[in-house]
Each structure stands twice: as structure tokens, then as C-alpha cells.
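Everything below concerns the one structure shown next.
Just so it is clear, A, B, C and D label the chains in written order, and each chain counts residues from 1 on its own.
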Amino acid sequence: MIDYLREIISGTWSLFVGLGITIRYFFQPVVTVQYPYQTLPMTPRFRGHIELVKDEETGETKCIVCGMCQKACPSNCITVNGEKREGVKGKVLTEYTLDFTKCSLCGLCVESCTPKAITFSKDYNLAGVKKEAYIFDLKKRLEAKN
Amino acid sequence: MYVDPEIIRLLAFLVGVIAFAALNAAYLVWLERKEAAHIQRRIGPKEVGPFGLFQPLVDGIKLMTKQLIVPAGVDPVLFKIAPILVMVPAIMSFVTIPFGETLVARNLDIGLLAIFAFASVNVLGLLLGAWGSRNKYAVISAARVVSQNVAYEIPMLVTVVTLVMITGTMNLHTIVLQQQGGFWHWNIFNLSASPLMPVAFLIFFVCMLAETNRAPFDMAEAESELVAGAFTEYSGMGFGVFFMGEYANIVIGASMATILFLGGWDCPLGLFPGVLWFLIKMYFLIFTVIWIRWTFPRTTFYGLLNLSWKILIPISFFNLILTSAMLKVF
Amino acid sequence: MNCAAIKQKLSAVGAEAISETEYDRKGFALDVQVAPEQLVAAVSVLDAEGFFIEAVTGVDWLGEQAALRKEAEAKVAAEAKAKADAATAAGEEPPPAEPVAEQGELPEDALEAVYDFNHYESLCRVTIRTRMPRSKPEVPTISQIYPGANWHERETHDFFGIKFVGHPYLVPLLLPEDADFHPLLKDFRP
Amino acid sequence: MSAFAESEANETFVLNLGPQHPATHGVLRVKLTMDGEYIVEAEPVLGYIHRMHEKMGENRTWAQFLPNTGRMDYLHALAFNHGYVSVVERAAGIEVPERAEYLRVITSELNRVSSHLLWFGAFILDLGGFSPLLYAFDDREHILDLLESVTGSRLTYCYFRFGGVYNDIDDNFVAGARAFIKRLRDRMPMYHNLVTKNIILMKRLQEVGPISAEMCRKYGATGPVCRGSGINFDVRKHEPYSIYPEMDFEVPVYEQGDSMARYMVRMDEIEQSLRIVEQALDKLPEGPVMAEKVPKIIKPPKGDYYHAVETARGSFGVRVVSDGSNTPYRLKLRSPTFSNLSLYGEACRGMLLPDALALMGSLDLVIPEIDR
């Protein structure tokens, strides 16, 4: 009988304790970020989709068309093409396509790049209605930036 | 042409009551969302109007423009009648609730009985809707609703009987009048009648939660178990009416607790009684109901049966016996 | 309970080969090779010792026999070449090349079922392997000893087509209900 | 009358719980044969998000498989990373610098806390309590922010590499981790007051869904499920890997075997993980985070290798068979919840639906890891 009453009282008390906790939070300020109006800065290491890096001296890409990124990619979403040109040492980049629909943002390509010609963008507001919009021509993007 | 002013008064009250019930149902959804959000440290609805105040309006329009799907295989009559059976009794109950000294549509001598009779129809509506929609989850929900009904009605009515013994009347208006003059006159603190009155209030409140299918007793809906329970097959306004009925029932339950235990329109300090006090008390109770929902996990229906038969019923009977003994002695 | 005792008990039921492996190098302590017929007996020993089942899986050794033969042939050829070289170096006439022995048809490649067992108290992971011909991949089920093997065997059946004889419910688990292909076989082409 | 009183066999009905159901957390389907609300038989149906990771592994180089590991158990991705890099390091004989091992343990223990927090919220959500989920997410967000600042990602980290880790941590991370430990320690009593000691929760979990130690053994259950049944088995203690032998922590074990025991094991593990992180931060040595002599193309010698790690849900083992080439010959992923879920059919027989769902929640299912 005593156990019975004790359980009722302790049980009821536990319920009031719970209510006390939630009401305390009720009067505390909210912690959420109101996304479209407020945004958080991206951390420097954020792994967005990749983009080509501009060489500060020449203003051109640093890519030497070695194809290491293409080989490192587990999902085969990078296509790199280059050609030999007169008077230029090494190959010249003609195409750098990222099929972002297949990319899993693992970053193995960036790691494999010896000349550090690709980097992660901090772009995360990616939404669209067409698949084609996500086949990025990174070379054009770089040129558009210039 | 002579028209009885009583009829005009009744009609005005009817319109008022329906408007009150619908407005409450709509804005309690807003309150629920806002309160839940703040308990969880979010903001909640904020896009439509200031503080999201027009959100219920938009929701209502959305629900009304949606197609009313009547799935193949359901019992068409039961399926359609069920939401109405939940909503209409709730509105009917408002007729006899005294919001203020003079603010009552029809003061019945058996007001208490009428309200509890109407309140039980709610269960019938849920049962019919669940059964009629021929969905396995809904059928399980129907079984739960009935077992839940058995569980809470007894302690609730025993508590009310205790109260009727003290007051000696079933007229809600008279019950409130007896409690006038400050919070120490309220039934919840009427310790000379029975020292267990605060406990009786708790029992009544718990049973009210169960009656209105609110958490932690929302086994009929139990979205993490039964998807949406009785409402699984309902769409558009069919679901909307169920929803509004649920909130209307909460308003009834909170009003009843206010009238029976908290002195109705009486001011706690005995000054300036009025409808405002009634509303403050009622909305505070509704706030508590929502607060409870966003705090506790759900019980199981056998948990509710255990609670009812092992704890609530013995205590309420004990209270009944104690009260009658004290009435006899003093 | 120690690994040596288990080793003895397993060899008592007729395991074909048991080797203690270096744990740090391989990650398991006992590597047991049994014939399909002895499997149930060997697993019963582990059950009696309180092991729990970690996983059941398979390995397809398609092309193993060909590779082995190639290796052997290369070895023979290398030996012959070494001999010839030695002879030339010694100024002798190189001996005539021996005719390559007819080796007949390749023995059939095998499918291997691999069972991993582990013990809750002591560190002794036992790997039991059993081989069966690819054309008739059948091995008795152990789901009556370890009910947990039920799903693992179904999964292995999905992926390799190994039939666990006596299994109560050998229908696809992870693959679609009507799957009749076995994706982890090396000759599987989607 | 005859329509109602048929033979007994017809009184059961089949309820398809899932594949889209709020309580199955993903796409698990459980075919329940019910007698009223009692479960006569439960048969989990798997494979709705089966992706054949094992075959993918055979078609990729050893390094290319790395991103896949985080996509099996997305809640404790780093432990799966850890298991895979460890087995390849074992096979190829790659030494890992000490600092890298410390970073692995720090990040994967933080990840374990985040996984347990999410489980906590989702479990209470299964039981019908809403707010604890959001509180747990609030705390978890801090871990995700910390891990994002190191790994660059919030869910599928892919942070470990053969021979070390991808990035070094900075002082901000250390300070942030310490602040987080303090914060969570302050919050734990709140969780216990709000949830653990709540009478409703106790009634729902105590003596519900018992799993015996023998059943765990027969089904190969590991992790909190077996530790809630009185079996003291934790891979971190049992076959120590990385720097766990140097850490001072306890393995919480509860004897009851009911849902409450599993709940308590996980809640206690949060504190133990915080202890490990704290110690590792104290002892963190200087040095490189990547071994110097890691070949660009990894070709482990022939043979097969096994390595197990303790994830938030139990023992995750990887068996690789190498034929000496640059791709795995065979890659077996032994996921813990696959075994843990396999006992569900037996465990929930004769239970009521709400209790069976509480039991399912207490198993802490992550469907992609079961289906792989």
C-alpha cells in the first residue's frame, strides 16, 4: 500500500518536473536560424562542388590536364580534356566538366590534384528543375569570373 | 409581426456559439503550433501575417480546396457522418455553458448531464469513422478508442457525482454562483467538503485529456504507431472537421473544469467577476493541455487502463465515500 | 576457453585444415577449412563453446584453377629455362625441351562459404571456410544451430547462389523477390 | 453469424508496417501477422534501399571505396570509415602516426555522441514525445558544426585516409570540443529529468521487449543491444584497436535485457564517449597526421583480412579478400544492425503493437546499413 502510494506520488512528481523543464524552455530565446533571411557563414573547409582555381599570375587555370582527378573520382563524374598547342609547354585545358548529378562530394579529386588547380566552392544553395543545369562546365565558370 | 425576443436571443447565441467554436478551433491550432515551437525553441508559424496570425485562415482555405476523397471500399454513410458526429455535439455543448453571469444561451437545470451526454458522442464519431474507413490502422484505432472510453469515463463521472453531492445541483449556473467570492470558495479548494478536492481536480483533468484524445492519451491517433489512426483515410475538410471537433472538445473540457472546479467567471480575489476571468482560466487550462502534449511521451492503452482501474477509480471512489461521510457528519 | 582448446576440438570433428593465424596481421585467430559435410559438426562445437555468429558470406574463386595452372606452368617453364641457361653457361648443349605434360581438363573452380564466429568473453575469432564446386553449390544450413544465420544465409544465397540445404525459408532477402541473378559471382554481367 | 465466427486461423490479419511508416525510420517493412493488437508473427522485409556496396567495392580501387563507407551508417559514418581504413592498413601494412589515431578517436567518439543523441530523440519520438527530439538536435548540431569545421562535411564525412586523416585540427576545434563536452554534461541531467525519470516512459520501457543473453548470442547481436542484456562486449575493449587501450573508460552493462536497459546503456555511453574525447584532447600529441610512406596506389598482398570496430550500434567488421591488385577481390561488410534486427521477429512475438514499436526503436535501426 505504501509502495503504491509512493509510486503515485513520485510518478506525479516526475510529470511535474518534466512540465517544469519544458516551460523553462518556453520562455528562453529561440535557437534556430531563420534560413532564407539569416544564413550562417560556411566553414573554410566546407566541401561544396569543385571549381577551378585561377592562377594569380596568369589569370588562367592552373590545371595541367594530368587527369588525376578523373582517375581518382569514384563516380566518374569529371571529364578533363586538353590539347597540345604551339609554343605552350604541356597541355592546355579545353574542357573540364563536372557532372554534379553523380558527384558525392567526397573530395578525392581535390586531394589528388598536384598543382592544386581545383578547390571546393562554398556554394550550397543549389536547387533547380533541370538535370542539365547540374552538368557544370567549370572552365566556362572560371572564365565568367574573370 | 411579433417575434418572441427569446427566439432572437437564442438565434444570436447559436450564431455566436458556432462562431466561437470555429474561431477557437482555428486559433487553437495556431496556439498549439506556436507553443510547441517555443517549447522546442523554434519560432513556429511566422510567414502569414504578423506572428503567423493568418496561418489558420490559409490552412482552412487549403483544406477546403482539397478534394474530399472517399476511398473505394469504405462505408460511405458512416465515413461521411463521422466527422459531423464529432463536431456537432461539441457545438451543442456550448449552448448550456455559462461564460458569464448572464452570458449563457440556455440555462438548463440538467446542464451537467447534457454536456457529458454530448461529450460521449465524440467517441462514437471516432469509432464510426475509423470502422467505416476500412483501414487496418483505423480499425485498431477504433478498438483503442472504445477501450479508452471505458477507462476514463468511470473515474470522471464518479468525480462529477462527488461534486454534485457537494453542490446539490446539476445546473452549471448555480454551481458557479456557489463558488463566488474569491479563490478560497472555489470547489478545488473546498477542503471542508472533502480534503481530496485538489486530487479530484487532477483526476478530472486527466480524464478530460483522455476524453479529448489529447497526449499523452492520444492512442487513437498515435501517429508513430498507427500513422494517423482513425483519420488515416480522411482528406481535405473531412480531416479538417475532425481536427476542429477535437479542438472544440478541448474548449468544452477546459470550460467544464473551469466551471466545476475553478469558480467559472469569478475573480480569484473576489473582485469584479466577469466573462474575462472565465476566458483567462479556460485558456490557461488549454495552454496546459498543449504544454502537456509537447512534454510527455504517449502512454499505451493498457497503461491508461492500468492508470484508470488501479489508481483513478479507487481514488475517486475513496473521495466519493469520504465526501458523503463528511456531508453526513457536518 | 582458449583458442588452442578450440583448435583441438575442431580437429577432433574432422576439419581438413586448421591454422592459427597471426591476429595482428589478419584480424582473426583460427582459420578452419572444413568439408561441407563436417560443417554442422564444426559449428556445433563452436555453439557449445559459447561463440556468437558474426557473419556468413561467400567468395567466388572463378579463374583460380586457371591461375594456379598458369602459375605452375610458369614455374615449370622457369625451371626449364634456368636449367637450359645453366647448361648454356656451362658450355654444354642445351637439353631438348621436355614435352609439356598433358594436364587434362582444368579442375572446376570453387565457391567458398565463409563463416565468422566470435566470442563475447575471450578474443578468438574463428573463420570457418568450406568449398563447394561452382556447378553444384550446396552446403548444409546452420540456421537450426544459430537462428541468426538464417538471414546471413539468405543474403549469401542472394549474392552467390549458394544453396543452404535444409534452410527453412531461402527466398531473396536484400534482392527483389523475383531476383534470379547472383550479383557477386565473378561472371555476373548486369 | 457465420460471417463473424469462422475458424481461428482467420482471426489474424496481416498488417504491413512500412515501407513508409513513421516508426520505421526509413524504408523498412515489417510484415506483421496480428491477432487484434497482439503480434503473432513479425517478418522484417529488407532490401528497399539495397545498393550492393560490396559489388561496388569490387569495381573501385581501394581508395575509391572510401566515400561509400560513410553512406552505409550515415549516423556514425566515421566509425565505418575507421573500420575500412583499418582493415586496409592492416592488409597493406601501413603505419598510422599517433596524432592521426588520436584525431580518429576524437572525431569518431564525437560522432558516436551525435548518433546516440539522434537515436535518443527519434526513440522518444517513436514513443510519442516530441520535444526531446528537438533538444537532442540542438546539441547534435554543435557536434556537426565541430566536425564540419574539420572534415568539411556534416554527415558523410569521409575524413580518414589510409595512413592517417585528411586534415589536421586547429585550436578552435579543441576549444569547441571542450566547450561542447561541458555543455552536454550540463544538459544530461535535464534529459534524465525530462525523459528518463518520467513515469510514462518508465512504464513504457521497463520489462518491455526482453532480449535474453542467449538470444543475443544466437543471433549475433552486438553493441548496446547485447550490453543491455548483460553481455560485456565492446570491441573497443575486447580487441582494442587504435588508441583505445590508452583510454580510461567503462563499458556500461545492464542486466535486465528490456528496452529500458538498452536505453540506459546508450545514455551512459554518451558520458563515456565524452570522457574518451576529453582524455584524447588532453593527451593529443604533436606530429604529422598522415603517414609519409603511403603508396599512391595501394596493392595489399594476397590473402584475407578482418577488422572490427565498435560503432554506435555494435560491431562493424570488414573482411577483405585481396588478390594483390589495386581493387579488392571481395569486400564483406558485416553491419551490426543487420544482426540486431534479425532477432526482432522472435523478440516481439506475442507483444502489443506499441510495445513492439518501442522494442524496434530500442534496437536503433539505421536502414541503409542493414540493406547496404
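Throughout what follows, a contact is a pair of C-beta atoms (placed from the backbone, for glycine too) under 8 Å apart; a residue touches a chain by one contact, two chains touch by 3 or more.
Small disclaimer: the values here were computed from a predicted structure and weren't measured.
Ranking A-B and B-D by contacting C-beta pairs places B-D first.
Distance between chain B and chain D, defined via averaged C-alpha coordinates, is recorded as 43 Å.
Averaging Cα coordinates per chain places chain A and chain B 50 Å apart. With centres taken as mean Cα positions, chain C sits 69 Å from chain B.
Residues of chain A found to touch two or more other chains are 12, 15, 18, 21-22, 25, 31.
Annotation for chain B: residues touching 2 or more other chains are 39-42, 294-296. Chains touching one another, given as pairs, are A-B, A-D, B-D, C-D.
Chain D meets chain A in the complex at residues 60, 63-68, 71, 131, 135, 138, 145, 148-153, 156, 158, 161, 166-167, 190, 193-195, 197-200.
Against chain B, in their complex, chain D makes its touches with residues 13, 15, 21-23, 36-37, 124-131, 134-135, 138, 194-195, 198, 200-201, 203-204, 352-355, 357.
Across the complex, chain D is touched by residues 7, 10-12, 14-15, 17-18, 21-22, 25, 31, 43, 45-47, 72-74, 104-108, 111, 120 of chain A. Interface residues of chain A, counted against chain B in their complex, comprise 8, 12, 15, 18-19, 21-23, 25-32, 34.
Here chain C touches chain D in the complex through residues 23-28, 50-55, 57, 59-60, 114, 116, 118, 120, 123, 125, 127, 146-148, 150-152, 155, 159, 172-176, 183-184, going by the rule given at the top.
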